[in-house]
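In the part that follows, the structures are each spelled out as structure tokens.
Both complexes shown next keep chain A, but they swap its partner, so chain B is in the first and chain C is in the second.
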Partner chain A sequence: MRRITVIALNTFRENLRDKILYNLLFFALLLMGGSVLLADLTIMEHRRIVTDMGLATMNLVGVIIAAFVGIGLVGKEIERRTVYTILARPITRTQFIIGKYLGLVLTLLVNVTVMLAVFIVTLWMYRTPFHAALFQAVGLIFIELLLVTAIALFFSTFSTTTLSAIMTLGFYVIGHLTTDLKGLGENSQNAAVQSVVTWLYYLCPNLDVLNVKGQASANGIVDMSYVAVASMYGLLYAALLLTAACAVFRHRDF
Partner chain B sequence: MNAIVIDRLTKVYRSSWFGRAPMPALDGLSLSVQQGEIYGFLGPNGSGKTTTLKILMGLMQATSGGAEILGKPLGDVQVLHRIGFLPESPYFYEYLTAEEFLTFYGHLAGLERAVLGWKITQLLDLVGLAEARTRQLRKFSKGMLQRIGLAQALIHDPDLIVLDEPMSGLDPVGRKQVRDLILSLRDQGKTVFFSTHIIPDVEMICDRVAIVVKGKLLAEGRVDELVNPGHAQSVEVVCEGIKAGEVAAIAAVATRVLQRGEHSLVVLPGPEQVEPVLSAIRTQGGKLVSVAPQKGSLEELFMKQTGATPTGAGWPATVGGSSE
Partner chain C sequence: MTMSTGIGVLRERLRVGGLIALLGVGAVGALTTLERQRPPEVRAAELSYLPKGEYIRVAALGYHQMAADLIWLEAVQHLGELKQTGAGYRWAYHAVDVVTDVDPAFAFAYQAAGTILGVWAGLPQESIAISTKGMRVYPDVWQLPLVVGYDYFYELHDVRAAARYFRMAAVLPGAPEYLGKLAARMTVEAGDPDAALEFLQRLSMQAQDERIRAGLLKRMKEVVVERDLRLLEEGVRRYRARYGALPKTLEDLAAGGIVNRIPPEPLGGSYRLNQADGTVSSTSLSERMMVHRHPGM
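Up next is the complex of A and B:
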């Protein structure tokens, strides 16, 4: 456990020293601030626009960090061969992977917290009322980030950075389209298309399950049991991917 | 007691998609390193040294064969507490300062913060990086990286130190420092196993040597045993004031005579010829400058060994100049 913590904290420090993180955070704050101006210009409901934009920004920035930092998490270590001296220490490969993962999770947690704080301050400054559903939405966004990080990490244990990026983004996009995908498969005449689509449907995580941003901005509180089941689904999927990542990583040569 | 026992280690890298049947990078390599010795693992580039060390450190699986380190089979994680490793041309987290870097590796080895403070000071002094303590590694030169890498390998006071080409990328002063460091490690009772493709490195400090070419062990033993098996050493005599090549008594016994300005260099096949040559120099009115028995060199041995292999593996140019 202690070694996992050492790896995780060092990964967190690595992330904090990466300029890209601050650029993204700045971008997020810009978007949130911009949403207020945008809201003033439209006749649409003020509260809705600010909430929508805020949640969408958090989600987008979070996914970008999870995917791209997630790919580099282990991929960069292998490419730059920094992994040699670390694995030559009394630490198992599984501990290493889990440590790297938790390090990025900590980074994401801090990031989402900062964004959420700024978001709440923005809402409060404009006297926009907000609702518990907001926290539900952010909670599920965080689960999605845990899942995306696991996807990125998984691919980077056995393929190149570029390929991992393509695969991760592919998984993400398909993950949000799976419901449509299923319809597409059912309507297709072609048996091959049907089977590929069915495979993708069952293989890719259904990320739409974790998206309750719409309800949140409509102030509709989501059933707690739904949130619990959706969270379990996301966490289980992430755990599965992490297990697979560890298994691949344990058996590879450097 | 053996620190490392390598037993018929073989590694065949998975072949690429096209391409011929893969050549084994290691082909039944066996050797053993005794505790407390400096062991040189010598071979030209591509002979399988790095592959061997990676397998030993658990970074890579052998195709067949096995090894024991400090009495434990490969794959034992706990034994890594007692081993320090420096990879070839190492790369480290460049966003860390030297101090943070060593702290990180110390923590990985299970050291407490209280111990680490003075340990880091001591090690940075040892490798001559005391003034770079708070500098980020991204600003380090290649030689500095090599030295901080050595410090990293020593942070937890290991019993066995495994180094892959530790002198590569260093200038002559740096090479000497690394050699002295290795010697001082042995004086502390530690075992050092290091690879190199540079013969003088091995000749100067190693207790024993293995010569490996194309994944096969060509020779293993003490340097002096390998180099002078029959003790038939040649002798070089230098004199001035005469042209030694034109003296019949000298020319008759010398294997070679070279004239360099005032000096004549006479190479004799063995110590028996020294006395007659010296008296010849005296009677001719020459002045003796020096008499030096010539050790055989590992380079000669190596050339002999590889000359016999059908493939005739060439030794890279960097090896020249065995007598610095």
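Up next is the complex of A and C:
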């Protein structure tokens, strides 16, 4: 456990050195500037616009970090050949992968926390009351980021950085489309199409179930049991991908 | 590879495979539970609004609300314009239709678009379409059937349909007390500017948005002009019946004791008499509103 912590903290420090937190400045400018600009253009619903802008930006910035930093976690170590010095120590490959993952999760946690703080300040500036639904939405956004990081890390254990990026973004898009895909499959008359679509639906990650941004902007509290099951789903899927990533990485030759 | 290492590798693979299978079963179980928990009305709404917004929903990935907001912003720029053209309003209606396809829970879009399209854009059918669409998602919001009732009553002169919607609005939670009485009154006076004025006055008192209130007030003034024009034309007819000729100017009506005085034109213009046919017009409005004319007029 101590070894995993050391790798995680090193990954976190490395992310900080890579100036990843500069994105927070970008986020703050985009959120505050965008909200001020857009809110003045609308009738009545400026509160809704500020809430939607904040949640969408937070989600987008987080996904970009999770995907693009996630694919470099292992690839960069191999390219720089630093992986040899790490694995020459009494650290197993599984500990290395889990440590790397937790390091990025820590970076994302800091990011999301600061973004949430900026978001709350913006809401306060617009005198927009914030409800528990908002925190539920942010919580599920964080679960989504954990899942996207696991997808990126999984692909990076056996593929190049560019291919991993393409596949991660592909999975992200598919993840938001599986519900629609299932709907289309159910309308199909062909039994084979129906079964293939159903298989794909359960095989691919469903990121749409982690999206409650709509309820948050309408101040509709989501049932806590829903949030709990959705979080469990995200965590289970992420754990599955991590297990697969560890299994693949254990047999990889450099 | 010796027998024992072979067994070791197999055991490890079984362990990893078993763990992955266990996690997979857990994830599928959670997903199945989530499917059951997702509110059915959201899914039904998504299915019933095919197909225009559907494409945008797909393209917007998880950012439906953001996409809806951006289209709404665009639509508002056209809806908010008080001197909009019919085509502009129709385009705005289409945009609001798509907005509510992309995000069916966008309550304000139904209310604002329904009011604007019906009350001052003169597009009662579009107003009814967007308001009734809203009623399917928000069956408890009394403002929506009220707007539909207004459209039928004042714009389409369908008293029976209007009465149905007014009654529907009056019994919904939060509906103001006057609504029942107003509904009863309005349904026996279809197309009457005075009744419409009262309705618009009530509606403007409840409007929270400056621009909507401004639009309603402007519409009220137009209805006042229409009421005055009817009054003055009726005066011209009575003048002709009494004196056997058309008056030379409108002031002759006051001088001849037909009306007390010529009312001021609320939009800042003045009333003019057309001596050829005895009709009266306003310098501010280029044409009479078709909606105010009874079939017999």
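Methods note: the second predicted complex is superposed on the first by the 227 of 254 C-alpha atoms of A that agree within 3 Å, B and C clash if a C-alpha of one lies under 4 Å from a C-alpha of the other, contacts with A are read in each partner's own complex, and residues count from 1 in each chain.
Note that contacts are C-beta pairs under 8 Å (C-beta built on N, C-alpha and C of every residue); 3 or more make two chains touch, one makes a residue touch a chain.
The structure presented is a predicted model; accordingly, all values stated were derived computationally and were not measured.
Colleague: So, does A:49 touch the first partner chain B, the second partner chain C, both, or neither?
Modeller: The second partner, chain C, only.
Colleague: Which chain makes contact with more of the residues of chain A, chain B or else chain C?
Modeller: Per-residue touch count on chain A favours C.
Colleague: Touch test for A:92: chain B only (first), chain C only (second), both, or neither?
Modeller: first
Colleague: Answer with first, second, both or neither: which of chain B and chain C does A:82 touch in the superposed model?
Modeller: A:82: touches chain B, not chain C.
Colleague: Could you list which residues of chain A make contact with chain B in one structure and with chain C in the other?
Modeller: none
Colleague: Any idea which chain A residues touch chain B in the complex?
Modeller: Result: residues 2-3, 6-7, 10, 13-14, 17-18, 80-82, 84-92, 251, 253-254 of chain A touch chain B.
Colleague: Which residues of chain C touch chain A once you look at their complex with the stated criterion?
Modeller: 16, 19-20, 23-24, 26-28, 30-31, 33-34, 37-38, 46-47, 57-58, 61-66, 69, 72-73, 76-77, 79-80, 103, 105, 107-108, 112, 208-209, 211-212
Colleague: Using the touch definition up top, name the residues of chain B that touch chain A in the complex.
Modeller: Within the complex, chain B contacts chain A at residues 54, 57-61, 77-78, 80-81, 83, 85-87, 90-93, 95-96, 100, 104-105, 107-110, 149, 152-153.
Colleague: Under the stated contact criterion, what part of chain A meets chain C in this complex?
Modeller: 38, 41-45, 48-49, 52-53, 55-56, 59-60, 172-173, 176-177, 180, 183, 202, 206-209, 211, 213-214, 217-218, 220, 223, 225-226, 229-230, 232-233, 236-237, 239-240, 243-244, 246-247
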